[in-house]
Amino acid sequence: MNAETTSRQPILAIEHVAVHFGGLIAISDMNFHVGEGELVSLIGPNGAGKTTAFNVITGFLKPTKGRVTFRGTSLNGLKPHEVTSLGLVRTFQRTSVFDKITVFENVLIGLHRRTAASLFGTLMSLPKERNAEAALREQAWEILKLVGIDHQADELGGSLPYGDQRLLGVALALAADPSALLLDEPVSGMNASETARFVSLLNKLRAKGKTILLVEHDMPMVMGVSDRIVVLNYGRIIANGTPSEIQNDPEVIQAYLGQGVKHA
Amino acid sequence: MKRFLPYIAVAFFASVPLWLQDQYFLHTLVVSGIFMLAAMSLNLLLGYTGQLSLGHVAFFGIGAYVSALTSLGFSVSIFGFQITHEPWPPVVGVILGTLVAGICGYLIGKLAFRVRGAYFVIVSISFAEVVRLVALNWVELTNGPLALPGIPPLTIGFEWTGYATLWGKAQNYYVVLVAIIIAYVIIKRLVYSPFGRAMIALRENETLAMSVGISVTKYLVLAAIFAGAMAGTAGGLYAHYIQIIDPMVFMFLNTVTMVIMVITGGKGTLAGPLVGGLIFGLAPVVLRSYVGPELQWILYGLLMILIVFVLPDGIVPAIERWFGRSSGNADDQRPLTLETSKAPQS
Amino acid sequence: DDINIGVNMPLTGAFAASGDYVTNGAKIAVEEINAKGGVLGRKLNLIIEDNKSNPTEAAAVTEKLIVRDQVPVLLGAWGSSLTLATMPKLMQYQVPMVVETSGANKITESGNPYVFRIAATQHIEAKGFEEKLGLFNIKKVDFLVINNDWGRSTVTEFTKMLENKSIQVGYVEMMDQATQDVSSQLSKLKGSDSDTIIVTTAVEQLTLVLKQAQALGIDKQIITTGGSQNPDQLIEQAGSAAENTTHLVFFAPWEPDSTASPDKTKAFIDAWKAKGYDFAGLTESFRGYDGMQVIAAAIEKAGAVDPAAIQKALWDTKVDVLNGAVSFAKVGQAGAESAQSTPNIYFGKIENGKVHVLR
Amino acid sequence: MDQLLQHLVNTLIMGGTYALLGIGLTLIFGIMKIVNFTHGELYAFGAYMMYFFAVILGMDFFLSIAFAIVAGMVLGAAIEFTLLRTKRGADIDTTMILMIGAWIVLQNAEQLTWGGIAKSVPSPLPTEPLVIGPISISYLRAMVLLIALMLIAGTYLVINRTKLGKAMRATFQDSGTAALMGVNISAIYTMTFALGSALAAAAGALLGPVFVIAPTMGDLASLKAFAIVILGGLGNITGAAIGGFILAFSEEIGAGYISSGYRDAMGFLIIIIVLLFKPTGLFARSERIG
Amino acid sequence: MLEIRNLVCRYGKVTALKGISLTVPEKQLVVLVGANGAGKSTTLRAISGLVPAASGGIFFCGQEITGMSASRILSLGIAHCPEGRRVFPHMTVLENLEMGCYLRSDGKEISSDLDRIFSLFPRLAERRKQVAGTLSGGEQQMLAIGRAMMSRPKLIMFDEPSLGLAPNIVEQTFAIIQSIRESGTTVLMVEQNAYAALDMCNYAYLLEAGSMVLEGPGEKLINDPHVREAYLGAGLAHA
């Protein structure tokens, strides 16, 4: 296994995390770092524990053992919204948008962290609150454009086609103003061309200095965008290295990649 | 047109005591108004945060008891300490009732929002039942089933101005009307703000809401505080208007009445509880003049069923849709949304 | 044109059965009065409103009867909390009401000069019981009562009286109005060393208490109070469980001859039966009948259909009704006294499936 | 000690009753997710039907029970068919309002039909209790317990061991997908509601002779049934049964040793406490996020 | 075997299918490709009776099935493995699979089919008693595929079967689908992994915004410049 191949400042550290569900061990020992501005992919067979790892990092699950730190702060015991407020935001593997609300309002809700309204001011309807509201709408609009679903702003979230719902999910996460973004299979259900467009969105985000941790089964994409790849199998890390190192790791090929890696 | 609707409604309702001769009808309007206020507060929980609270009458009753006891005075011994309270003016009672009910909202919110959905429904019912049983059995304070009679009517004024007692129906009617307007404005500002959006987000998808940084407890508790306090105000007004309360104020049917008002009117809409409240506040009066006792109830039940059948989202969304359609931008798929994007021209 | 009289009764909800009985009793009285030519040459007409067993409604109904129907006098409102809820309205509009069933002391103590009660308070019941203590052999008593004003004041008044007579009081157990299972309370009473259980609750729950007491093998003297227990209904519904129980009542239709006015009683029972009503309802319905008789007598005396005149006349009304003689005495707050009449009390004991009056 | 023994026996008997009330509702509320306010009315309906068959028509006691259960099943199916069929997939409070409406209508229809005066049904079993040392048990109530346990076991088997039960659970977890598996969704909706209603009516038919039958008897029954279902965890048959016994136990002990005024409060307090520590009932199932 | 003529489907005001026609011959593998929201899933849902047809007809083995209930259609031999897993979350893996053969009553064969699925997806065998809702995304997808196979249909429809599966499992799944077809079952598949899908199919359709715009054998579509640009990602460089 490779040593940490990053020279960047590690901001997210997963330290010897284990997760058990009753007798079932979903993660046995997970230990890796993500550096500032880095794009790290977490891959592995189905049921390896990737989503579980996301759940632990973002406070939806308490680890049985170990801890997670973000910019030096321990995340143990924090609630999901507290983790988010530190700038660590995730998307979900299963499509997750506010179904019965318009796309635009979805993003407005996502902007929750950026609102400056006070309860008193709101009830008194002070000018400051009204201006803040106008500013939010502006921001919502920008995010929709960035993700490329602005033409659907007035559609209901739930009536978007599957792929666009996934984009909306990303827009929601971006609205929460993350400095580090955790994406759980963002391009599943997208075809190659849609994926390519998503990759260019990823690149824009990287250019803005966002740190990204990506879970994805689309190997061409993962190999193309990742700075580094961590491979998980049965809750253990079996490899950690650059895309080319991973691509040729026999254990990874055996457990995960199979023979036809070079599709497309 | 739509913008002026609330003002037209207020003007109309403000004029009612001026031309309405029938005092009994005015009485019905006052009582319905009090229940509408309670229904509006329930709507905050049920309509905006999606928490089906079937114990809402607890806040109403707590407001009523606190207000009544404040203005009647009491003397109880708790763990050997004798606590005696001399009567205060009724207005202070209503304010205290509002505060105490709000605090109960806070406590219940903190505790009960650990559970969701069906479980919350039962916890809320249980809470109301426990409060009812306390009111029934803590005879020293509440007089238990013997009721608290002789609650003074509301008075307005200060020590140096002298007090005006609100005996009349018209005066009470205006007090209730003003309370409803204030509650309406508060709820409107709240739900159209980031606070309200957070509540709606929790209603729609809690996990997702958390993931964008919305604190579940904070917003549910906030809603519970406001809902509790407003229901408390309604309870206080009720106590001073009816002038007697007993543990029957906590009866489940009162919660059911509020729920009916909210859902038939249109949950999650500002005007819903008011429209529903007017219909189901007046329905018994209308029915009473035509049919026998059991049939009154049966028709009342059928009316509810009919409204839900014909207008599943409630009356107000249906009217809005109808308005929308006739003005040419119909969209019947979105009764729950707050607003459209109104893109800035950039 | 007719004289309208308001009746404020629970016709739906928890107390519907009793409210119905009382209302039917009132109707029979009105028919009888009208058949004899009415009052002041005018016919009486009842305006009956359902208060839904709910105090808020009781107040609303009073408002309606007084304001819209302009009734000069009311009969109502069965339960104490229902009656209490109507009282501010009486005060506000200065209209008198004859209270036929409610027994809470509060009603006559709260300074409302518009209530005229022909029902017994628990204090009156306790005194009646005291007079007849000799009929029973009691050393120690437990209570099992409904958890409301009625049950609770029964405990207070009877305890006072019993302790004066050096009879011990043991457990006091409560049951909620809607409770169907009282085995836990009864199990506790079964284990106590008292010889008598005083039970106060409505007839439905009484049936349950007796049946469950039998199932638990409780073998103590059971005496019920309250006056609306319908011993006949108990016999029918509780069967052998009702054997040897004694019931404090205000009307004894089983032995008309032992009542205050046997002829009237017989006539009333005949009228009741003629309508096909349940015999068991008599111990409630007589209240409605008596109440209407009192109202009619008062209007006659007043000579005018006007609330103030009727209120004034009620004070001087003396009339013989099924229960006995009604005449009102001043009780409660000085200067704003309410009126209370003192009804007669009987004890009916169930033996071999029949009720007989203890003497 | 004797008193405690009697309390424990009472718990057993009352618990069976509560469990019976609970399992019917656990199907409708727990599995179908309908806040079924008509449950108590179906309970009352079962009791009145018992009265109708056994007293008015003079039929055999046990046969009347069976007929009353069938009547409850038919009424349940009718309610589903008229009120709920077109409202499938509507949210929980829409159907709740319909059920509240039906509750009000049914209760008052009952009063209109039968009058407000309570009815009672004589039982053919000996009224003198069975006495074993310090404890007494009524034969009737022992029979109720026995039948209740049988019905609970039967329902458990149907839901967990048969194809029908599996189809029911599948339908209410994801009706679209269940349809894809070949399940006749409409039939399952009606059947589940009818089955739950039949169980409520069974409780009424069995308890009618034990208690008295009155139009408002269903209200408290409804409330308790909800509580029991929640204690046991939604949709969990064994949970509902155990929940029934826990509720009975807490009420019995609360009334026997604390204060009978707070007897009903005990049950609700237990619920609040249980849910605060185990927010999804005593027998929760695991969920996952993401 | 399956034929669709001028099918129109609507969701409220949205017209998702604007009169499409399509044929699936017996024992063939037909693929439906198209962008997000083109109406692919709607097509499958219409066939299996989950969404009503506004107009047009669907015929299976010469019989019109438009308007039939989902269970009727299944009993005629059309199975549908829906998009996005849709397992029964509170039932165990085994119960989910048993739901797949709800209409079958041949006990013995059922258990041999179960064994086959467990040997195809050993991951599921390990988790036979686990509640499906707690499975990982990919495990649920395997379960959904296995469940659809349990009904032994004449025609099986897969909606994006590779969604969320690991690359080696994707390969394996495609191999299984091939073998299903080889064993005589007709397959209609919607797939975003267009290259692989077109590569293995007999015939393919391209759906865009609710209309069929192109059809032909797999290679024809692979080589079509529009398809290459819009669906296969050629010409758009990966970063």
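Going by the order they are written in, the chains are A, B, C, D and E; count residues from 1 in each one.
Quick note on the criterion: a residue touches a chain if its C-beta (ideal position, glycine included) is under 8 Å from a C-beta of that chain, and two chains touch if they have at least 3 such contacts.
Each chain and its UniProt protein: A, E = ABC transporter ATP-binding protein; B, D = Branched-chain amino acid ABC transporter permease.
In this text the structure is predicted, and so the values were computed from the model without any measurement.
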| item | value |
| --- | --- |
| Steps needed, at minimum, to go from chain B to chain C via contacts | 1 |
| Separation of chain B from chain A in steps, with touching chains one step apart | 1 |
| Those chains which touch chain E and also touch chain B | A, D |
| Remotest chain, chain B as reference, centres from CA atoms | E |
| Chain whose mean Cα position lies farthest from chain D | A |
| For chain A paired with chain D, centre-to-centre distance based on mean C-alpha positions, whole Å | 47 |
| Inter-centroid spacing, chain E versus chain D (mean Cα positions, whole Å) | 43 |
| Chain centre separation (chain C, chain D; CA means) in Å | 36 |
| CA centroid of chain A to CA centroid of chain C, Å | 73 |
| Two or more partner chains touched - positions in chain C | 12, 147, 174 |
| Where chain D touches two or more other chains at once, by residue number | 108, 111, 219, 259, 261, 264, 286, 289-290 |
| Per-residue multi-chain contacts in chain B, two or more chains | 136-137, 207, 294, 297, 333 |
| Contacting residues of chain D [partner chain B, same complex] | 29-30, 33, 35, 83, 86-87, 90, 92-94, 96-98, 100-105, 107-109, 111-112, 219, 223, 226-227, 230, 234, 259, 261-262, 264-265, 268-269, 271-272, 275-276, 279-281, 289-290 |
| Residues of chain C that touch chain D when the two form their complex | 12-14, 16-20, 147, 173-176, 178-181, 183-185, 187-188, 190-191, 203-204, 207-208, 211, 214-217, 233, 236-241, 278, 280-281 |
| Complex interface listing, chain A residues touching chain B | 58, 60, 79-82, 84-85, 89-92, 96-102, 104-105, 108-110, 112-113, 115, 117, 119, 122-123, 125, 129, 133, 136-138, 140-141, 153-154, 156, 159, 172-173, 175-176 |
| Chain D residues within the chain E interface of the complex | 163, 166-167, 169-170, 173-174, 176-185, 235, 285-288 |
| Chain C partner contacts - residues on chain D that touch it in the complex | 2-3, 6-7, 10, 13-14, 17, 108, 111, 115-120, 122, 127-129, 131, 136-138, 140-141, 207, 210-212, 214-217, 219-220, 251-256, 259-261, 263-264 |
